[in-house]
Amino acid sequence: MLSLRDLSVSFRGRPVLRNLSLDLAPGETLGLVGESGSGKSMTALALMGLLPPGFVASGSIRLDGNELLGLADADLCRLRGRAMAMIFQEPMTALNPVLSVGAQIAEGLVLHGLMAPRAAREEAIRLMERVGLPDPARRARSYPHELSGGQRQRAMIAMAIACRPALLIADEPTSALDVSLQVEILALLREIRDETGMAMIFISHDLSVIHAMADRALVLYGGLAMETGPTRHVIGRPSHPYTQGLIAAIPRGSAHTERLRPIPGQVPDLSRLPPGCPFAGRCDLGDARCAETLPPLRTGLTALHCHHAELAPA
Amino acid sequence: MVLFLIKRLVGLVLTLLFAALVIFLVLEILPGDPAAMMMGVSATPESVAALRAELGLDRPAAARFLEWLGGFFTGQLGLSYTYRVPVAGLIAERLAVTVPLSLLALGLAVAFGVTLGTLAAAHAHRRADLIIMGMTQLGLAIPNFWFGILLVLVFAIGLGWLPAGGFPGWAADPMLASRALLLPAIALALPQAASLARITRSTMLETLSEDYIRTARAKGLSRSQTIRRHALRNALIPVLTILGLQFSFLLAGTIVVENVFALPGLGRLLIQAIGGHDLILIKSLVLFYVATAILVNGAVDLAYGLADPRLRVGRA
Amino acid sequence: MNPAWRHPSFGVGAVLMALVVGAALLSLVWTPHDPTVMRIMARLRPPSAEHWLGTDQFGRDIASMVLVGARNALLVGLVAVGIGLVFGVALGMLAALYRGRLLDEAVMRGLDFVFAFPAVLTAILILTWFGPGLVNAVIAIGIFNIPVFARQARGATLQVLAQDYIRAARLAGLSRMAVMLRHILPNITGLMIVQGSTQFAFAILAEASLSYLGIGTQPPNPSWGRMLNDAQTYLGTAPHLAIVPGIAIAITVLAFNLLGDGLRDLLDPRMKER
């Protein structure tokens, strides 16, 4: 239903995201993994057509066969919230402080012509009940500051699923919450996905969250897809040196016996990326060719952009 | 909430009392002999003595002060020295010009200021923004009385559409009376609209960079729908606090503009009273102005609490 | 070229200010005619080769009066801002130094109180007491400026006081006075200059209003506001009288407002509007 071909995003001529291609089927969840500044959020905003001023997207984004790039804002408005919806990272600031929660949830239903205002208000209460907000009829009249962080994120989810979108983009939806709440919210998202059969793009820097949510994973680094494939292969048997480094850096239970192995070096400044592989400077296998030329896509158990990595047999 | 209200009201009353005391000191105690000051150098000792008796200057200052304050509630503010009519009646009569004039100007200023400021923010750093911001700089730089004179030159003397000045009174012809207030209100509104536009633009820009604006866009609202339904209210809350201060300037502006258009309002009365050294009239007029400014500022403070749900509940 | 000049507000403001200051300086050594000489035979003349901007109801040369008026306006701004700066900054810094104590509370309440009076009204009150005139008008405007500067100075001083190096300086044994003069004053100067520029513009507007009302600058001293008052009487017969003094006021106010805006951006890039 969703297919990206060579999606690139640039800011003032500098690439922020390079040649991203991916496909997504209904009911499927893709996990986008990467450190901050890897281009995850830019991918999400490009999909929604909500890139900040100055950012330019090129390539192709097709949703149910319709090309989204180059669409007029008025046409995109008909799709946003209806065909595709998004949940943001900061539940504290992503809700309008001067409008009641119920009104914010009902707004999309009326806007997309699905319901009359009164019916939408009732539907908002049902949605709030569905996402597990206690006493929804009263909560609907509350303002965001009267809700806890976890409750606000539930309200955000209710808002996003209100119009039953075919695609839900969740950008670090649990990163601002503490661990026990994280588990609850992830469970809720899984439930709703299975119930509605919507496709989901789940963005996180946390591999364990991706592992819990995603069927397939895509590892981004410096605006380039490093490795992609079924989540269990990408995390269980990674082939790309960057993915391997990322997994080696995860703290495990036996912290006393096993030393952490952070990836040496720093995330490159996106404004000074080498023309070739962005990981070249930090990679054990990196050489002159890596920095010069963009590695081609090679496919084994997973698909990856690397000149050197040995492919695990499919 | 109740406690907060009481605190605010007590503060307000104290400020008003203090203001009255300062005005009383400046106009009635510091000049030494107000009667002599009012009558000027050519007065005979007999006439000064007569005025002293009329003003009751032989009685203690505290008694006169309290009596004056009481007058604001009973309407007994004494006789104007120059007009020989009760001050309270004079003020009431002139309010019929100044109040509609201020409200009309405020309305124009808010309508144009908020609209232009929002437009400028929506087109930030593009041509429309630059043009609007340039216009606001001019609006702030042009003295309102000169703008009034220019309006008279163009619309009264040049085109003959509107009267150049004067006021026919509401009773005679309400239509004509409102036409007489139009040019003065425009002149009065110009600097207010300019500064409101600048403030609105900057609070709007700040609001438009908030996360919940992106949420609204992600829901499918167009840019202009987002501004109207989600940004405007948030952006106007800080503008509201400025409005109290703006009203002070507007009030001061009526003094000047009423004189440009020879409107029989409070401002013209004040300048005429100063010209006639009519201290009795001046002290009540000045307190009236100051009290209005203080009360409006107080009311705006309260309104601010009501407009923002976060504060509304925080204070409950 | 210095990048400051490329900032549009600052550049335009500086050029306009140079124009006004130039006019004021020029008027000290040369004017087309003596601005105070009256020629009843040549009254209310339209612009001509001899009188570039015409003559007023007494036959005085308008161009000369406008030039001399620039001197008057700049003087008003300078003195009114000076009064506000000296008293306001001193009060503001003192209040900040004794933050939360009685002195701070008293100063801030007092300033709030002055602020509650509409500016022109304060001036009118003071002028009723002292009598009309340029000096009194300037003092009145200056008094209104005091709370403006005091609030800014207090806020800025509190910010500087919170910095670590101030604590270090105090620990090193510097007295409060020495800290104020050596560390805080230089740090808040920029902000005060920005505010000063804005208040300069405000002072010129206020003086023009008071003079227009007849309680500011008194004849024969030339003042743009006063000229507009005279001009209004002859609006029907000699409209040219009403144009140039107004433009002169607008240009001067614009100059200082733009300078203030430009300086604010240049001094603090973070405050630059997005």
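Labels A, B and C are assigned to the chains in the order they are written; within every chain, residues are numbered from 1.
The rule we apply is simple: a residue touches a chain if its C-beta (ideal position, glycine included) is under 8 Å from a C-beta of that chain, and two chains touch if they have at least 3 such contacts.
Please read all numbers here as calculations on a predicted model, not as lab measurements.
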Between B-C and A-B, the pair joined by more C-beta contacts | B-C
Could you work out which chain's C-alpha centre is the most distant one from the centre of chain B?
-> A
Taking each chain's centre as its mean C-alpha position, how far apart are chain A and chain C in Å?
-> 56
Computed distance of Cα centres, chain B from chain A, in Å = 54
Report the inter-chain centroid distance for chain B and chain C in whole angstrom, where each centroid is the mean of the CA atoms.
-> 22
Which of the residues in chain C end up touching chain B in this complex?
-> 113, 116-121, 124-129, 201, 205, 208-209, 212-215, 225, 228, 231-232, 235-236, 239, 242, 245-246, 249-251, 253-254, 257-258, 273-274
Interface with chain A, chain B side, in the complex: residues 210-212, 214-223, 225, 229-230, 233-234, 237, 307-310, 313
Taking the complex as given, what residues does chain A use to touch chain B?
-> 48, 50, 73-74, 77-82, 85-86, 88, 90, 93-99, 107-108, 111-112, 143, 145-146, 156, 159-160
Give every residue of chain B touching chain C within the complex, in rising order.
-> 15, 18-19, 23, 26-27, 30-31, 124, 137-138, 140-143, 145-146, 149-150, 152-153, 157, 164, 202, 205, 209, 248-249, 251-253, 255-256, 259-260, 270-271, 274-275, 279, 282, 286, 289-290, 293-294, 297
